[in-house]
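The same chain A turns up in both complexes below, where it pairs with chain B and then with chain C.
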Partner chain A sequence: MEKITIKINGKDIEAVKDQSVLEAARENGIAIPALCSHPEIETQAGSCRVCLVEVSQNGRTRLVTSCNYPVRKGLEVRTDTDLVRRIRKGVVELLLSRTPDAPVIQKLARENGIEESRFFVDEGEHYRNRCIACSLCTQVCEEVVGVSAISMLDRGRDKSPGTPYLKPSQACIGCGACAYACPTEAISMTDEGETRKIWGKEFKMVTCSVCGKPYIPEAQVDWIVKTTGKDRAFFDKCPDHR
Partner chain B sequence: MDKFSVFSSRLVEKSENFTSGHRACQGCAEALAVRHVMKALGRDTVVAMSTGCMEIISSPLPLTSWRVPWIHNAFENSAAVISGCESGMKAMMRKGKIPAKKINFVAMGGDGATADIGMGALSGALERGHDMVYICYDNEAYMNTGIQRSSSTPYGASTTTSPAGKVSIGQHTQKKNMAQIAVAHNIPYVATACSSFPFDLMEKVKRAAETPGAAYVHVLSVCPTGWRIPTQDAIKYGRLAVDSCVFPLYEVIEGEYRLSYKPYKKLPLTEYLKGQGRFRHLTDKEIQMIQQRVDKDYERILRLSEEEK
Partner chain C sequence: MEIDIRKIDEIIERYDKSEESLLAILQDFQHTFRYVPEQGMKRISEVLDIPESKIYGVGTFYKALSLKPVGRHTCKVCTGTACHLKGAHTLTDIIGKELDVEPGETTRDGRFTLQTVNCVGACALAPVVMVDDDDYYEGSSPQDVLKNLRKYK
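Showing the complex of A and B:
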């Protein structure tokens, strides 16, 4: 916990060494937009590019993604220069051309003064619904849940998350953490009666022995029992009736 | 949001803007509600808080639990104070004295401050349409001063100023429906929430803060001390209140009703009432009467939310 002082927008702020610039700025009330960053993930992918800031160190100035740029001594950060604004506008326009439907992206576009993307909106086979290919879902699946059921498939504009060969995954436990973490709400998860559908696989839900409410997929119970050694009988009842 | 059960709790905001070490009673679900609300709102928030439990427990003189700018005001005027803050900030941003950015202006109060004493100021602020959120933590009586009845106390509840006995049934008037009063102001966002459903609560507060214009969130906060229940059962009673449809969770967005949680199996009212000391004097006949009213109110909300579909 080595404390150092850095400058953000000309203001001296105290930060912990190796903390990300984004975290340090947000703790001090300086707003930087970001989509794919999540504090629970160890290595931020920096793939949405919305959190770009200008950093100066040893006389060199360049643009970096603030979510994975570590705080170092003598760092000067600017979040409000014309260059940052121009590049961010371009980034958001690109995102908007990929996912014109996502409310989060639409809101971001409005905030940056964009009415319509000047780029081509492909509504054909490459139309990816709302996914911005930030890979936060795959990171959550690997680091938070620990099953690695999904990964990023393909390259280039076809890049998107999915199960291996787009077939129902053996590893997926149907917990829905990916759908929860997704910044653009692109992953569909539907609960109908005693089945849950996610990533093209159907999960049977465990029903509460008291109220009869289906509340957790069986595969998830298996996973929790396997990893924590908890008694299986504990999951017979839903959290309301334990 | 209820379906994201296990791992999503690890993915919610970690920073605490309402810190531990405050002086709330054991098992206080209201302090829990404030904590979740502050997680949802984040650091760029100004809070004006009426006198009440949460003000007393979070700010004993040299200490504070708040990591955001926080104003304590009188019982009646938190809505007026926050609308002044909002207007002042807007003017200063226009003049370029502070950089323009999104700041949440939030007024908080208990049910007494909202439904009884601060009702006029709240109504005025909602009518003027400030970009603010009003959050009411409803524990169904003036718990801070020793469980006196408020207009939000439900029918039949025994409190120190409406004691149950041979002559009296306890509180003999119906609970004031504050959420419906807020809906009647035609504001863009009204919601009811409960701290036993934390994801739902956080979602609603986020949505309220994002909505331009006035928003109102009514949070049922179980009070083990005043409701006379064991301290470890506070969360359970919040869930029972929602599952027995005494306190339905819904949102009203631009006048359109949306039911956010439909109980899988509607529980009878007795499930909710039987463990609570404040209701223990009620006879079956009286419970039957309350049940009828609960059903009627719930069916109305259900009908309104289904009409929108």
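Showing the complex of A and C:
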């Protein structure tokens, strides 16, 4: 861990070499809006483009996505220049035209002074609900959960996450990590009684022996036991009563 | 179309058991079966140890791969800028009417799949209609194209 000093908005900041600009900024209380970045993911996709900042290095200034731009010695970052604001506004406007019904995007639009997107809002065939196609859900499923039950399907304006053959996935364990990670709450997951429904599949939940609350899908317990060798009895009680 | 699992295995056998072989195998499926069958993707997942989700993702990504059987012949109408100006859309409509399909669909007898493509890189020959991999019909009037299409069985 090599400590270096960089400048963010004119202030000297201590950061760790190769950590992302976004991370370094947030650790120092400098807010940068971002949707698709997640600390548990190895490679930040940088696909939502909301976290754009201006960086200057070796006399060159340009816009980069701060979530996957590594901190290096002598880096100067500006998070709130006219250019950043203008480009980010355009980015958010485009997002709003694709996902006009996502509360997170609506909020971001308001914060960036957008009342209505100037762009065509497609509510027909290519309507994608709240999904901004950032692929964070599929990354979490692969990297964090390790089951790869979903992937990004199709491309261009039809790109969206889904299960193989659009059928209930054999690999899915119903953990819901994709739904929790989704920045725009686009993935539908419902818990009713002892049944969880997600990606068109139903999962039976394990009930806590103390409070009687269904709290984890059986399939997820099977997966954890199989991959970590943890004692199955551990899951008799929910985290609140262990 | 009945898919022979031995034929699937035969194709997979030709390649290294690594993720890099995925696209080549899918292309061979497309060539052999005229589509990428679900059983084929399942089999790749078992043999190459790649998650089915990834294989299906690749299968839906490439235009050259189809998850539904395509016709014995593909008729591609170029709708690039030059062809567009030379009436590619009228051409598509007329061919579609003759074959009784919309672009992207396959005739009921499985003879033709009609597609519109963005550019085949032969703008000087506009409007261009391509049949299968090697037949180009250039500067065609709709009548010429329809006459030519009848040659394909």
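Please note the rule applied: the second predicted complex is superposed on the first by the 225 of 242 C-alpha atoms of A that agree within 3 Å, B and C clash if a C-alpha of one lies under 4 Å from a C-alpha of the other, contacts with A are read in each partner's own complex, and residues count from 1 in each chain.
By our rule, a residue touches a chain if its C-beta (ideal position, glycine included) is under 8 Å from a C-beta of that chain, and two chains touch if they have at least 3 such contacts.
Please read these numbers as outputs of a predicted model, since none were measured by experiment.
Once the two complexes are laid over each other on the shared chain, residue contacts for A:153 go to chain C alone; chain B is not touched. Touched residues of chain A were counted for both chain B and chain C, and B has more of them.
Contacts of A:40 after superposition on the shared chain: chain B is touched, whereas chain C is not. Once the two complexes are laid over each other on the shared chain, residue contacts for A:29 go to chain B alone; chain C is not touched. Once the two complexes are laid over each other on the shared chain, residue contacts for A:216 go to chain B alone; chain C is not touched. Look at A:169: by the touch rule set out above, it reaches chain C but stays clear of chain B. Touch criterion not met for A:19: it reaches neither chain B nor chain C. In the superposition on chain A, A:179 contacts chain B only, with no contact to chain C. In the superposed pair of complexes, A:106 makes contact with neither chain B nor chain C. The contact sets of chain A with chain B and with chain C never meet. Those residues of chain A lying in contact with chain B across their complex are 26-27, 29, 31, 38-40, 80, 140, 144-145, 175-177, 179-181, 189, 191, 196, 211-213, 215-216, 220, 224, 239-240. The residues of chain B lying in touch with chain A in their complex are 3-8, 10-11, 14-15, 43-44, 99, 101-102, 236, 239, 243, 264-265.
For chain C in complex with chain A, the residues that touch the partner chain are 38, 41, 51-57, 60-61.
Contact residues on chain A toward chain C in their complex (touch as defined above): 138, 141-142, 147-155, 163-165, 169-171.
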